[in-house]
Amino acid sequence: MNKSKTLLATALFSAMATTAQAGSEIETLITMLHENGMVSDEQYGRLVAELEQNKAQSVEKDTKIQAQLTEATKPSDVEVKVKGGVTVKTRDGKFSTKLGGRLQADAATYSGDPEMGDGTEIRRARLYLEGTMYSDWGYKLQYDFASTGANGKGIADAYIDYNGFDDLQLRVGNFKDPFSLQEQTSSKFTSFTERALPSAFAAGRHIGVMASTKQQHWSLAGGVFGDSLTATNTSTTGTKHENDEGWGLGARATFAPVNEKTKVIHLGLGLNYRDTGGLGTTSFSQQAETHISGINIVNTGTITGVSDFLKVGAEVATVMGPFSAQAEYITTSVSRNNASDLDFNGWYAQAGYFFTGESRNYKKGAFGSITPKASVGEGGIGAWELGLRYSTVDLTDADITGGEADSVTLGVNWYATPTLRFSANYIDVLDVKGGTYDDQEPRIFQVRSQWAF
Amino acid sequence: MNKSKTLLATALFSAMATTAQAGSEIETLITMLHENGMVSDEQYGRLVAELEQNKAQSVEKDTKIQAQLTEATKPSDVEVKVKGGVTVKTRDGKFSTKLGGRLQADAATYSGDPEMGDGTEIRRARLYLEGTMYSDWGYKLQYDFASTGANGKGIADAYIDYNGFDDLQLRVGNFKDPFSLQEQTSSKFTSFTERALPSAFAAGRHIGVMASTKQQHWSLAGGVFGDSLTATNTSTTGTKHENDEGWGLGARATFAPVNEKTKVIHLGLGLNYRDTGGLGTTSFSQQAETHISGINIVNTGTITGVSDFLKVGAEVATVMGPFSAQAEYITTSVSRNNASDLDFNGWYAQAGYFFTGESRNYKKGAFGSITPKASVGEGGIGAWELGLRYSTVDLTDADITGGEADSVTLGVNWYATPTLRFSANYIDVLDVKGGTYDDQEPRIFQVRSQWAF
Amino acid sequence: MNKSKTLLATALFSAMATTAQAGSEIETLITMLHENGMVSDEQYGRLVAELEQNKAQSVEKDTKIQAQLTEATKPSDVEVKVKGGVTVKTRDGKFSTKLGGRLQADAATYSGDPEMGDGTEIRRARLYLEGTMYSDWGYKLQYDFASTGANGKGIADAYIDYNGFDDLQLRVGNFKDPFSLQEQTSSKFTSFTERALPSAFAAGRHIGVMASTKQQHWSLAGGVFGDSLTATNTSTTGTKHENDEGWGLGARATFAPVNEKTKVIHLGLGLNYRDTGGLGTTSFSQQAETHISGINIVNTGTITGVSDFLKVGAEVATVMGPFSAQAEYITTSVSRNNASDLDFNGWYAQAGYFFTGESRNYKKGAFGSITPKASVGEGGIGAWELGLRYSTVDLTDADITGGEADSVTLGVNWYATPTLRFSANYIDVLDVKGGTYDDQEPRIFQVRSQWAF
């Protein structure tokens, strides 16, 4: 073997020689043939040059294909999801928008006294648009088509969020005051078709500003609020617009010493102060845990000469696997200008059990959606829950006889899929003391079909 | 030639030898050179080893590229379509959502008696969200912004479907009773701007439960219904909510012995029973196939002491290429507690012809959208249809003189695209007998601009 | 060297020889070895055949990969974008749909006389769907949830566009008459929370037909209109529907001799004629550049016996970098049947300055959205604008004493992102002469939080 040839080959193919690479056998062959004297030095030179050129071209071609493949397989900038509602979000998380909604179609039949009028209704029919903008900002607009009317009556959530601070959210717009566990829990996810009797003291939604923080084991929210959307500055005579609307302050703290997926202990305390504004009136009333009839089983009527009132609520709840329980006590103190103060109050306690093994879904201060272990349409029977509730409210004090009512509710919920729920509730109003419906005891059977996403 | 070398080569290259494969010429060459004695056994061994290694690497590289290509060319999990409305659906068909709507902007001018008041209106302005969830479930929420008001007045379709059974659909929520061909056909697709006079007997939408099946040559639907969304349990005095709402039963069967794309024969029969509930009242009225004026040319006013009523409707329709015809007869029997029963009735017959060759689109019991052979904006002139209709309704019986009216309508429709329609209707009310507008004969010219998708 | 071999090689490899190509070194080697006599003619023939076959296969494989790559890297047929709102459009531009909206949450406090009632409100809460269909057609439906009520009160824009002509757009449906710069500028983009006092003469939206053209340096629009959506044909007694609705004609021309990105001179002239229809009444009124209170600081009340009226408006505006200014004068002449004609008028002038260097965004006849140089959430502080406005309106003439008002407004706008705006306005009503609020001088402080996209 010719040593110079070997050296030449070594020089030319040094890199290639270390490990075999695609097509390297031709290099080896050429070198061998050159070493064996089968090709001349000149031929060898030409072959090597051509080989080098082809290798460069091959690398270029592979690079181009890889670039195209990288382009082709990279995720799209925008991701679209559909699961009832539609979510569109940018891959970088800067923007997202969700279009969602809920429908609750109800029917009820009544027995006992008073006559309440069997019937049907669309309880809620809502669409909402919510999302994220420019990373730090959030927004929502939600409308209830079942509650339309003057003054944007159907507008539910309508706000701007600022999420640019760590662990602190600022919100401005129209949204619920932070008060009461059963009010903070969306009607999509409450255990019964209607909230318990102390919902007479619900704080509702107002236009305001709120700061809140939600941690794994506690949450805190506080804000200042104007009046509800339907409030106008119209005077009682209705001819002038000279009265200030009401305003209020609200805060809620929750503590969850245990907060695991299927094991929760929740404690909460809410304060809600409200100045009645120029009109100086307020009222409290509550239906018999049914909405179709429209009858307020307890009702203070309009209370005049009211400067302000304060609601205080205490909450406790637990989840232990398929079992859950929840209770609240709310008291309301009404300050009157030329009469004694009034004290109203109410409480409820409820328990539920999933026969199909699911757990209520606790999310930092409220309950969220139920996901069946196996949905109908995917081979399962959905989630089945049985619930029992006792609730009471007393709207009678001093000269105001709004009445006192107690009721027991038995309910069954069938979550066919995460987006569907069918509920049947039997409500037995045990007694009404005082007020328009003194001594009457209506019984209610009502059903609901719901989609929500 | 050395036999052992040949055997070796055969052993090494057995698979490759059968058919030529990429780069196999180098193998052949190596084998030849080995056979020709140009490379030594040792060199040959090295070359073959290197060749094998390179081939393995090449296969690996190709496999990787193919995997990337498969990933890159596979369809996305979610498909988005836009054609006016927007449809998002998962490729597996489990979920889909469509956002669509319609707008009808009308203007009308009136002559003859009575004075009806020229003007304009948005006849319908609807958005809807509908879709599929978890394979077996469907939902819809549709709202008419032109009909807003108390009690969710603008809510049109709002329901849940269960499609998990073969050939049987269950529906719960708010939707149209199954009754009358012209009512089952969406206002987007009716041949004239307003439905014919017997629309006085339209069954309308109620909250209820319905089962239905739609086959190629027949359909059947039946359900039980509560009252309309705007019904309340309020008594006539308005102070108490003690009256049951009305309820009803409805069924419709259709038969299409011929059902081809451009050739259809349709027969239908509908029954609609309604109990008036606690109030015991009903009324029937109809505008003169025009909506802007608001005048009911025939009107029974409130009929009291009504326990229930039954509507029966017979339908016939045909499509023969560009020609179509349709007729219905509806009779309504009203049972009164302390007075004789009442019988009202009406019928209409209409014919239409597409000068541009399209056919009305029959879809299992009702008519659907028109697709022009060539749309405006895509080089065509759209679809042009001429229609003629005679209709009559009689709301006079016994002590009730609601009046009887007959009218002839001449209409032209221009479907510029599948999503657009411009219509002009001339309505000549031939005569009104009895009632408020006895002996009067208004004439109406009205136009509509519509988008719908 | 064997000449015939060389010729054979040349014939076989003619194409390949010109430039080196992938794998060509093996061809060269084979040819060399053949020329050097290392492989026989027969072997050479076999090698060349195999080479050719492999080359064909290689080309086929590359072509297939390239086809897959082309398929994989081609843009999707439908493009989805999200930036608050969601836009879906087909790549060919034939179809597009955008879902967008706006929210304005306001609060106001009042001092001075009259009592106006502090409070809050959702000023506007709108969603809209707009898009393109079949290349040449456009559509829009916009609804204001804060203005719901009878007769589709909340419907804002609702129309069909035809864009098939060069430089000419046809529009039919419900939309704003072409009149007044501050009215043509969306409330999302006006410099102050409420429009200036001459908004008493706003032409508003009507159902009609309009033709318009928008050029770089001028625009022209003219149309014929029916009445507003809430107009009904009801007579003053309310029992019959015998009155024609009103109708009108409107035209607006604008001229922009300078129209650059940050330098604009705008001149405009608008004419708006309106026939009052069968009722023969009209009225003009205006709030004190605040909406929450609901008090009309000037108000003619209902003027009867009006046949028609004509509004004429002159506009001037400029942008000079961060500075902008705008002024309008509007006069309205009301013709009465049995009394002297009435002349009302008003004007305003305003100036604004962006401390962060942005410019107002002039778009062919109106002002559009502000894009901060650096948004909050992207490392910036948004855009900050200070504005000052003087405005006056006089609704007193002859026997009508609607009153005259002047006011000065100081405003600051913070555009945190292109989709967010927070505004604070201080309005000092300098004087009211005549009318209900004669000699009163309210002062107003109001804030707004807005998202819009």
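A few remarks follow.
When the chains are written out, they are named A, B and C in that same order, and each has its own residue count from 1.
One rule holds for everything that comes next: a contact is a pair of C-beta atoms (placed from the backbone, for glycine too) under 8 Å apart; a residue touches a chain by one contact, two chains touch by 3 or more.
In this text the structure is predicted, and so the values were computed from the model without any measurement.
Fitting subunit A to subunit B on CA positions gives a rotation angle of 120°, reported to the nearest 5. Annotation: the subunit A:subunit C pair of sequence copies touches via predominantly different residues, less than half of the used numbers being shared. For the pair subunit A and subunit C, the distance between mean C-alpha positions equals 32 Å. With touch defined as above, residues shared between interfaces to two or more other chains in subunit A number as follows: 23, 26, 29, 33, 38, 65, 69, 72-73, 76, 80, 99, 148-149. Every residue of subunit A that touches subunit C in the complex is listed here, in rising order: 23, 26, 29-30, 33, 38-40, 43, 46-47, 50-51, 53-54, 57-58, 61, 65, 68-69, 71-73, 76, 78, 80, 88-90, 94-97, 99, 129, 131, 133-137, 139, 141, 143, 148-155, 158-160, 164, 172-174, 206-208, 226-227, 229, 231-234, 240-245, 277-278.
Within the complex formed with subunit A, the subunit C residues making contact are 20-26, 28-29, 32-33, 36, 38, 65, 69, 72-73, 76, 80-86, 99, 101, 103, 105-107, 114-122, 125, 127, 145-149, 292-295, 375-378, 416-417, 419-420, 449, 451, 453.
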